[in-house]
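Next come the structures, one after another.
One chain, chain A, appears in both complexes that follow, with chain B as partner in the first and chain C in the second.
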Partner chain A sequence: MRGYLRVIRAIVWKDLAAELRSREMMSAMLVFALLVVLIFNFALELDVRTRETVTAGVLWVTFAFAGTLGLNRSIAMEKDRGCLDGLLLAPIDRSALYFGKAMSNLLFMLAVEAIILPLYSVLYNVNLFVPGFLLVVLLGSWGYVAVGTLLASMTVQTRTRDVLLPILLFPVVLPVLVPALKASDAYLQGLEMSAIMPWLNLLIAYDVIFTALAFMGFDYIVEE
Partner chain B sequence: MKPIPKALKALNWLTGGLFLVALYLVLFFAPREAVMGDVQRVFYFHVAAGWVGALAFLVAAVAGILLLIRREHRWDGVALASVEIGVVFTFINIVSGSIWARPIWNTWWTWDPRLVTATIMELIYLAYLMLRQGVEDPDRRARFAAVYSILGFLTVPLTFLSIRIFRTIHPVVVGSGDPTATGAFDMSPRMRVAFFFSLLTFTFVYVTLLWHRLRLYRLSEKLDTLKMKLLS
Partner chain C sequence: MIEARKIVKRFGLKPVLRGVDFHVERGEFVALVGPNGAGKTTFLRILASLARPNLGELRVAGFVLPAQAAAVRRSIGVLSHQPLLYGDLTAEENLRFYGKMYAVQDLEGRIGETLHLVGLHRRRRDLVRSFSRGMQQRLAIARATLHEPALLLFDEPHTGLDPDAAAMLDDLLREVAQRGRTIVMTSHDLQRASDLATRVDILSKGKIAASFQRGDIDTQRLLETYRSVTRE
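After this line comes the complex of A and B, so read on.
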C-alpha cells in the first residue's frame, strides 16, 4: 500500500514539476476559462438579476470546457514524448498510474478553479465563498477528471484524438455535471439542505461508481 | 459463403407474423383511449422501442464485460450489433414520443428530464460508434468500445431514475406514477394485452436483427482477412 501511494506521489510530482517549468497547460486552461466567462458575459448579459440564477451554470460550463483542454494536454504530453511507454514498462501497478494521472489532473483543475472563482466573485460581485459550494466544486471536479482521465487515455490512441474527447466525455460525465450544477445552484441560492441532499447523494454515488470503473478499466485501455 | 441458417429463416417468418398480429392488436383490438383518442396508440410501440433500446444497450454492456474478462473477440460483434440496433430503436422511441407529445403536450419537444436523458443515451451511443471509427487495430477497438459501453450504460439508470428524482411531466404508466402528469392514464385489460404483446414482438424483432447483424459482422471480418491475404 505504501509503495502504491509512493507511485501516485511520484507521478503527481513529475507532472507538477513539468508544469512548473513549462506552464503551458495551466496558462492555456486559465486563459481559455477566462475567455469562456467573457463570452458568457456577452451571451447572457450577466446583469444583477440573471447572475443570481446562472452563476452555477456559467462556472460549471467554464470548468468543463477548460477541463477537456487540460485533460487532452496532460495525456497527449505523455504519449507524444514516449513517456507513456516508459511508465507502462515500469514495474508498477497500472491503476496507480491512473490514479497518479487523475490526481495531477485534479490538481490542475482545482488550481484553475482557485483562480477563476475569486476572479468571478470580484468581477460580478457574487459571494462564492460558501463552504458547501466549494465542497461541491471539489466533488464535481473529481468525478469529472475520474472519467476524463480514463477517456483521454483512450482518445489519445485514436485517429481523431482531441476532437473525440469532448464528444465521448460530455454525455457520459453528465451524471456528475448535472447534480454538481444543481447542488452548486442550491448552495449559492441558500436553499435548505433537504433540497440539496438528493443532488449531493447522486453526485457522490457517481463519483464512486466512475472511480471504481476507471480503476478497473484503465488496464484494458493502456495495454498493448 | 454459408447460406442463411434454417433457424434464422424460421425466426424471420415468426417475427414478421408477430409484427402483423401486434399491428392488429394495437390498431384495432385495443380500445380507443377516452381522453387522448387514437394518438394514444403510439404508446404501445413507443414503449416497446424504448425497451428494445435499453435492452440492446444492456446486452452491449454485458458483451463488453465478457470481452474484457474472457478476452474473446466474438463478443465485440455482439456489442456492435446491439448498439447499432439500440441507436435505431432509441431514435424511434424519441420520434414516436414526439409525435404523441404534439397533440397531448401541445409541443413537439419539451426540455423534460425524461426526454433529455433519453437523448443523452442516444448521444452516448453515437459517440460509441464514432469511437469505433477512430481506432484501426481491431483488438484495441474492441477493448475501447467495451470500456465505453460499460461506462455509457452506467448512465442509463439515470434515465430511469430521473423520472422520479426530477420533476417531470412524462407519464409513468407501468408501476406507480404521478396520476396528475399530463397524458397519464390507466390501462384497460385489452390495452394491457396489446401493450405486452408489443413488448414481446419488439423483443423478437431485436433478436432477429441482432442475428442478421452478427452474420454481417462475421462476413465482413472474413472479407477483411481475405483482403489481407490477397494483399500480402
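After this line comes the complex of A and C, so read on.
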C-alpha cells in the first residue's frame, strides 16, 4: 500500500512541478472559464432572483468545458514525448497510474474553481460560500475527472483526440453532472435537506461507480 | 535472457511478424537490423511488454510474457527514438521521478552515479527542454539504466543525432555493455550495428532471415546478405 501511495504521490508531484513551470494547462483552463463566465454575465442580464436560479447551471457548464481542456492536455503531455510508454514500462500497478493522473486533474480543476467561484460571486452578486455547495463542487469534480481521465487515456491514442474527448465524455458524464447541478441548485436556493439528499446520494453513488469502473478498466484501456 | 518462439503479430489482417524465433544469452549485445516496416520496433515493444503477440511463446529475463509482465518490466530498461522524458522537469527531477516508479534503493546516490556515467552531472539542475537531442538521448540512457536492469532494449537510439552526438552515444553504449548488461538494439545502420554488437540479426519480411556472430561479421558480406534477404 505504501508503494502504491508513493507512485500516486510521485505522479501528482511530477504533474504539479511540470505545470508550475509551463503553466500551459492552467492558463488555458482559466482563461476559457473566465470567458465563459463573462459571456454568460453579458448574455443573461437577469434580475437577482433569476440569477440565483441559473447559477448552478452556468457554473457546471463552465467547469465541464474548462475541465475538458485540462483533461486533454494532461494526457497529451504524457503521449507527446512518449512518456506514457515510460510510465507503462514501470513495474507499478496501473491503477496507481490512473489515480495519480486523476488526482492531478482534480487539483487543476479545483484550482480553476477556486478562482472562478469568488469571481462569479462578485459578478453575479451571489453568495457561493455555502459549505454544502462546496462539497457538491468537490464531489462533482471528482466524478468528472474520474470518467474524464479514463476516456482521455483512450482518446489520446487517436488523431482526433481534441474533438473525440468531449463527444465521448459529455454523454457518459451526464449522470454525474445532473445530480451535481441539481444538488448545487438546491443548496444555493436554501432548500431543505430532504430535497437535497436524493441528488447528493445519487452523485456519491455515481462517483463510486465511475471510480470503480476506471480502477478495473484502466489497465485494458492503456494496453495496446 | 530472451527466448522467443514463433512470435506472430498482426495489425488487423496485416501480419508484421510471421513467426520470429529469437534467442539471446546473458551478456550478449545483439543488433537487430532490417528495412523500414520489417517489424523491429513492434518486436521490441513485444519484448518490452508494451504489446502482446497474437501467437508464440516468450520468456524475457526468466519470466513468461504476458503473464509475468510486472516482473519483466522490473528487469528491463528501454530506450526508444523518443527520450520518454519530461521537458518541464530538470534532469535530476526526471530521474528522481522514474526512480520512484521503480522503487530504486539509495535513489539520490544512483541519480548521481548515472548522471556522471552519461556526462550530465553539471547540467543536472537544467530543464530537459533546454537540452540538445544528443543530451536528451544520454539522459534517456541514464533513465533506462537507473534501476540497474539486466536487459536493455534500445530502439534505434541514434535517430536524429548528429555524427558527434551519435559517436558519443556509441561510446556510452559500449561502456554500458562492458558493465555486463545484455543489450538488444534495433538499427538501420549496418556499419554501426556490426561495430557495436556481438551479434547482428537481420529481420526481414517478419522473420529473422540471417544471423552473424562477431567473429563472422564482415561488413561486405553482411551488406550483401542484407540486400539479398530484404529484396522484394
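Everything that follows uses one rule, which is that the second predicted complex is superposed on the first by the 222 of 224 C-alpha atoms of A that agree within 3 Å, B and C clash if a C-alpha of one lies under 4 Å from a C-alpha of the other, contacts with A are read in each partner's own complex, and residues count from 1 in each chain.
Assume a residue touches a chain if its C-beta (ideal position, glycine included) is under 8 Å from a C-beta of that chain, and two chains touch if they have at least 3 such contacts.
Since we're looking at a predicted model, the values are computed, not measured.
Of the two partner chains, chain C is the only one that A:Ala18 touches; chain B does not reach it. In the overlay built on the shared chain, the residue A:Leu202 is in contact with chain B alone; chain C does not reach it. Of the two partner chains placed around the shared chain by superposition, chain B is the only one that A:Gly217 touches, whereas chain C remains out of contact. In the superposed model, A:Gly3 lies in contact with chain C only, and not with chain B.
In the superposition on chain A, contact is made by A:Asp85 with chain C only, not with chain B. Judged by the touch definition given at the top, the superposed model places A:Pro131 against neither chain B nor chain C.
Contact with chain B, but none with chain C, is seen for A:Arg159 once the two complexes are overlaid on the shared chain.
Chain A residues 223 lie at the interface with chain B in one structure and with chain C in the other. Against chain A, in their complex, chain B makes its touches with residues 68, 120, 123-124, 127, 130-131, 133-136, 140, 143-144, 146-148, 150-152, 154-155, 158, 165. Contacts from chain C toward chain A in the complex involve residues 45, 48-52, 70-71, 73-74, 76, 78, 80, 82-89, 93, 97-98, 100-103, 127, 143. Interface residues of chain A, counted against chain C in their complex, comprise 3, 6-7, 10, 13-14, 17-19, 21-22, 77, 81-83, 85-92, 223-224.
Those residues of chain A whose C-beta lies close enough to touch chain B in the complex are 147, 150-151, 154-155, 157-160, 164, 167-168, 171-172, 174-175, 198, 202, 209-210, 213, 217, 220-221, 223.
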